[in-house]
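Below you'll find a set of structures to go through.
Below are two complexes that have chain A in common, paired first with chain B and then with chain C.
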Partner chain A sequence: MKKNLLYVIIAIAMAAVIFGLGILASSITERKAEKEFTYKPVVKIGENEPRNDVWGENFRREYETYLLTEDTTFRTKFNGNAMRDALEEDPRMVVLWAGYAFSKDYNQPRGHRHAVTDIRNTLRTGGPLTPDEGPMPATCWTCKSPDVPRMMEEKGITEFYIGKWAGKGQEIVNPIGCLDCHDPSTMNLRISRPALIEAFERQGKDITKSTLQDMRSLVCAQCHVEYYFDKTKVENAQYLTFPWDKGSTVEDMEKYYDEIEFSDWTHSLSRTPMLKAQHPDYEVHKLGIHGQRNVACADCHMPYISEGGQKYSSHHLVSPLKYIDKTCMVCHRESEETLRNNVYEHQEKILENKILLEDVLVRLHLEAKKAWDLGATETEMKDILSGIRRTQWRWDFSVASHGAAFHAPIEILRIMGNAINIGSETRVKLARILAKYGFNQELSYPDISTKAKAQKLIGLDMEKLNAEKQEFLKTIVPKWLVEAKERESKWKIIRY
Partner chain B sequence: MKLLPKKWKITYSLMIGMIIGLAAYNFLASNAISYLSDSPKTCINCHVMNSYYSSWAHSSHSRFTNCNDCHVPQDNFLKKYLFKAQDGLYHASIFTLRKEPQVIHIKEAGKKAVESNCIRCHEKQIDETSLMTHYNPKYSDFEERYCWNCHREHPHKRVNSLSSSPESIQTK
Partner chain C sequence: MKKNLLYVIIAIAMAAVIFGLGILASSITERKAEKEFTYKPVVKIGENEPRNDVWGENFRREYETYLLTEDTTFRTKFNGNAMRDALEEDPRMVVLWAGYAFSKDYNQPRGHRHAVTDIRNTLRTGGPLTPDEGPMPATCWTCKSPDVPRMMEEKGITEFYIGKWAGKGQEIVNPIGCLDCHDPSTMNLRISRPALIEAFERQGKDITKSTLQDMRSLVCAQCHVEYYFDKTKVENAQYLTFPWDKGSTVEDMEKYYDEIEFSDWTHSLSRTPMLKAQHPDYEVHKLGIHGQRNVACADCHMPYISEGGQKYSSHHLVSPLKYIDKTCMVCHRESEETLRNNVYEHQEKILENKILLEDVLVRLHLEAKKAWDLGATETEMKDILSGIRRTQWRWDFSVASHGAAFHAPIEILRIMGNAINIGSETRVKLARILAKYGFNQELSYPDISTKAKAQKLIGLDMEKLNAEKQEFLKTIVPKWLVEAKERESKWKIIRY
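Moving on to the complex of A and B:
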């Protein structure tokens, strides 16, 4: 009987081991199942998901700060994120852009959330009533929306650049957002626009080898750069290209444009083959002290935010002056007021030269027109036109990126100084030609005190332009939106 | 064995079978083989390590080191595996008992291992002059100073606890 008791004890001991192993097995299984649910995103973000709100479900904090780019109440001394009519504030620009769409309508930029609305509303895109009409090519959409990488993936890059702007309106509805800078599967920064990748390739650089710190600027450099539309590369396409092959200073890019004899338009008063600088923010930033120290765009425009022990980068892209405590003051131990005034001082001083330069340019265009009217020949005017082109290219390069006065004040003052000199010398030559044709007096400065007066001077029919735009906004845009809504309603959202 | 009555033989065989079966299941389900490797993916077998894994993965250290390079002694083969076994058992027990804290702090033995591994790779950056800011007897706590008292961001950054980084989700 004693033996039997021993058998029972052994059996109980084994049962205890089995019990323990069983509990362990259940614990392992349970915790493995937990892994499937813990730290899981809410939705699966598709490969080409352009809808920012879908991304926002997974990244609430980033998304909520991104939504703040809708705000239009912040004003600094000269800029901010409010809708401001730049032509009304400085009507000289109307004369400088005579014959070019920018003389019709040009506003201070607003936040990314307004990108699609603003390009539909601006008079520059006209009032196309069919997909094949209108002044602008499809390429103009390139920087406006995460629908662009989606379409490039679906249709091909070159195909995207073919056709008119109005032909793709129904496809492009989501404003600049997540997919533009992030890889949907890893959330790493990525370059979604081919123009930047191609510009790097032509310079023999591989953009995929960039460091994270460089990427924090390069994602911005997909759009905030100088560019042009190459009409020679592929037939019928206006191929978005960065003119960086010789370098990216104002002189390097001018050389590039001169060599390919490129001009954006011919000035309607002075008949100059002009260059329009777009917004070389990235190039200018690289030339300033912050750029030289490799401070990235995101360092100041997307500062870190601490919230209840959590740290993330603000996606409210805006002037760093809005959050001085989180931007400048991370490195500079001065008061907010001092820092703000430092920026304003740069801007004020550069503004002085900007106005001087614009006056020179207004006079140049009008005096050149006078010379043509008096019968000056093309050979006589050749030098003059080259001078006007060079002067205005430098002016535009300095002012088109709204932050240049902060990003690289010394470089901008150098460029403006050169431009005032080139412009003034050209005026001396022009005075000789005018004198030769019997006009030996000062050509009076026109009354361009308001945008309307300036637009009248260059012969724009604003009433017609506005009416066309209203018609387009009333009849075409609602159709685009219906079509887009239908398309997006078919895309299933996969929830975990 | 001959002495064992038949009914006990059957009972015991069944029970031993269950033990072997369950043990095998646990062995496979817990991915036990992976613990012999140096792969950082092993450490995220437990999801509480996700945020530490991702802060490492985004750091410059991820290009040259794995978890074990820093967190396990590297001076001798036996020591390494003994330490791994000890640490592993401890971690597994705490995790199984659901006793893991929201903010995980390194223990004494771990500190020593990491410190010696900092020195192992960064030996050339350490000379007498730079050490004076560190092991200087004029500081009362000089014997308890570690590299990361100053180099606080390396490599896990300062925001790395479970509750402060809920979005380290792309680690699998």
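Moving on to the complex of A and C:
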């Protein structure tokens, strides 16, 4: 019996050792969480709190990565975060946007932290010296700041869309951040901008029924979409509206705009009623293979990071190529170099056709101007202007969004092929009109080798525009900042 | 001590049970091979044996799947194995090939088993009644049969390329099969066609050093490539040559052809010295993502099948969409329906731009003809003809291969965008020439709604062509078959 007892003791001892090994293995594989794993708020976040640093006290890791959107050094081959002058890099666009603010100034996009600074600094918003001065309407602020949902809550949505951009500068000082996408009490993703909610409603859909995975794209789709300002809805208001009622392909949205006879501006050379595509990132993404596989924006632009036993979403919204090991490689088993080069190759091919298409458009605008100058009639030019509008809308849809060459290269190249075809067919017709008016030769391609030359060609007085902007930055913006500081200093922060 | 013995016995028994479970698990997971797993040849296969059924006696499973290439019922959405009249489905191509045999007759491709029948039946090979009659050279047989490597071995390579197609009909009766890709003694993959070996040599590469994975595409690349007939190399011979010396992109090969001032024919309407792309499947595949990932032709077109404990390659070479579970799904974790629809979507988008491009080409040929008719000079037309040649080469490269829309959709759409651009720019120039000669209006698009109407437009006497073909099939082909039967009946089969 003693032996039996010994066996039992040995068995128990072995069980204990095995149990211990299990504990050890678990500790190694799961990595013990640090203390702060449990969410312990430091401050109480108010229901309209626009200050990102206040949120940051409770969510340090998310906030620290969000601050990285200030970093403007990362670049992909053709795109990047740095302040690069897109018009200098490709002055054709100056001609394409003649008569429209984008011809004055257009830079490569930068991170969310720069949103407010950049909209103040760009020549597109001009140099208004009074709250009622243009050129831009208040609606232009909509996507720039968490002060926007705060103001909409405090003053009403329609009220927000009324008046000039210069009238709300003192209210909007915090760059795109926490309140734009999160519910301050639950931290759940939420839609803070009415335009997206309303677009869903008009299609008979309730956005609150969206899945979490859909929400991980929809919070981005509040701003990263095609939109226009509806001047017919409420008097004096430019009501932010998404043109999705017929669908969201390039053809669907064109049909929508054509039916309401909308145009963003009239081209100053060709006299075409033009459409400006904004940045239909969400629409383009949905047309590509990642969108079709229900990969969300956040899956690649906000990859999970594991730090100190915690897993959290990076809020350094940037090209996924910056963190290939945490983005692409979650699904794709190729080297970083291979994956990066795959993206570059697609970008190169699309860039090639983009330039072809832009040259067609430059020629179209100038040849149309020539036809007008020679005495062509409205009737003769009707088809021509329609062709120019359709060509440039397709071009702009293809190039205006971030990462279109990655998100949906096949759809983008299909659209570009269509656009080159429409534009060129229009040039054939224009050649006949020009011949009729005695000009039967090639109109020489203009010297637009620099931004300055292109801006001179379309008649912009850049010296004046720059001087107005400097005056505005010197006299108006400092006042805005003082007023904002005074307002925010009154908001108490409750600490736990 | 009895208790101790009992414990020992129990331990041994448990070990035995565990061992038994291991054996069972192994048997379940590995599946026991059937007897015939070991290769036991039934017949001895001669070193130039062109008869596929003889090989089939030793390799029944491979042979049975090879026989399935007779099946012409499987279709993908836009392509398939059935005998479909491509010119009837898209009569624009008749105009594009005016003056060239493809305008007479062009069908959707069928399986390897039909190779010899189809080349006899097509109007492209005409109705030669003597061995020296045209229209086609002997070289046209090169890719149709394992009788070709047999003849090249027996009579010499250059000798094979000399003379007319009609002169070798009695020799070539076995459709594409075993000897084309396999070494009869080792069954290893081998290159039987000199054109591929020579193309590698001219680039300083030794094809015998290729990896097995490369060979699984290269055996296909013996035929599924772009090629031309070099008439300058050996007198009276049309020497099969691949235009790869400068690379194998659409631009590389165009440069090669331009430098040697090669043209396949002169277009009968526009008088353009044209290039005809054959079927650059291998080149296009290498430009796409699957090719870049070193996926071989055989990986998708010859999937592994597991039967009776054996794993073998299907020789039913057909669209991988027929066996999605064994092809795409080896790597991709989506449903068959999703994967199929992804391919269809790409095909639809490319088809859309293909039609746009074809309409540009139809107009170009007719407008150029109009210019000639009105008296345009060679000097005036030089640029125009160059533009037409470049446009149509890009079109043909994009559409002539099998599965381009799948293999490299982004590259194909890039090329199509370029082609639409070159073609349209050429139309603008043509409009000016036409205006100069007093024709300043749109040339109405011809009624080419059917193949018959298009063939009438380009002046083909289809009744005569069909009658000649029928006479040939009735009088010549039967003689070829008798002669072949007599020859083959003398070849003894050695059985083990």
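We adopt the following convention: the second predicted complex is superposed on the first by the 456 of 496 C-alpha atoms of A that agree within 3 Å, B and C clash if a C-alpha of one lies under 4 Å from a C-alpha of the other, contacts with A are read in each partner's own complex, and residues count from 1 in each chain.
To be clear about the criterion, a contact is a pair of C-beta atoms (placed from the backbone, for glycine too) under 8 Å apart; a residue touches a chain by one contact, two chains touch by 3 or more.
These numbers were taken from a predicted model, which means no experiment stands behind them.
In the superposed model, A:K436 makes contact with chain C only, not with chain B. When the two complexes are overlaid on their common chain A, residue A:K40 makes contact with chain B while staying clear of chain C.
With both structures placed on the common chain, the touch criterion links A:Q310 to chain B but leaves chain C unconnected.
Within the superposed three-chain model, A:R427 lies in touch with chain C and out of touch with chain B [touch as defined at top]. In the superposition on chain A, A:Q292 makes contact with chain C only, not with chain B. When the two structures are aligned on the shared chain, A:A11 is found in touch with chain B, with no touch to chain C. In the superposition on chain A, contact of A:K382 is made with neither chain B nor chain C.
One of chain B and chain C touches more residues of chain A, and that partner is C. With both structures placed on the common chain, the touch criterion links A:N418 to chain C but leaves chain B unconnected. Contact with chain C, but none with chain B, is seen for A:V360 once the two complexes are overlaid on the shared chain. In the superposition on chain A, the residues of chain A contacting both chain B and chain C are 7. Residues of chain C touching chain A in their complex: 3-4, 7, 289, 292-293, 334, 342, 346, 349-350, 352-353, 356-357, 360, 409-411, 413-414, 416-418, 420-421, 423-425, 427-429, 431-432, 435-436, 440-442.
Per the touch definition, chain A reaches chain B in the complex via residues 7, 10-11, 14-15, 17-18, 21-22, 24-25, 27-29, 31-32, 34-35, 38-41, 58-59, 185-187, 212, 309-311.
Partner chain A is touched in their complex by these residues of chain B: 4-5, 8, 11-12, 15-16, 18-19, 22-23, 25-26, 29-30, 46-47, 50, 58, 95-96, 159, 161, 163-171.
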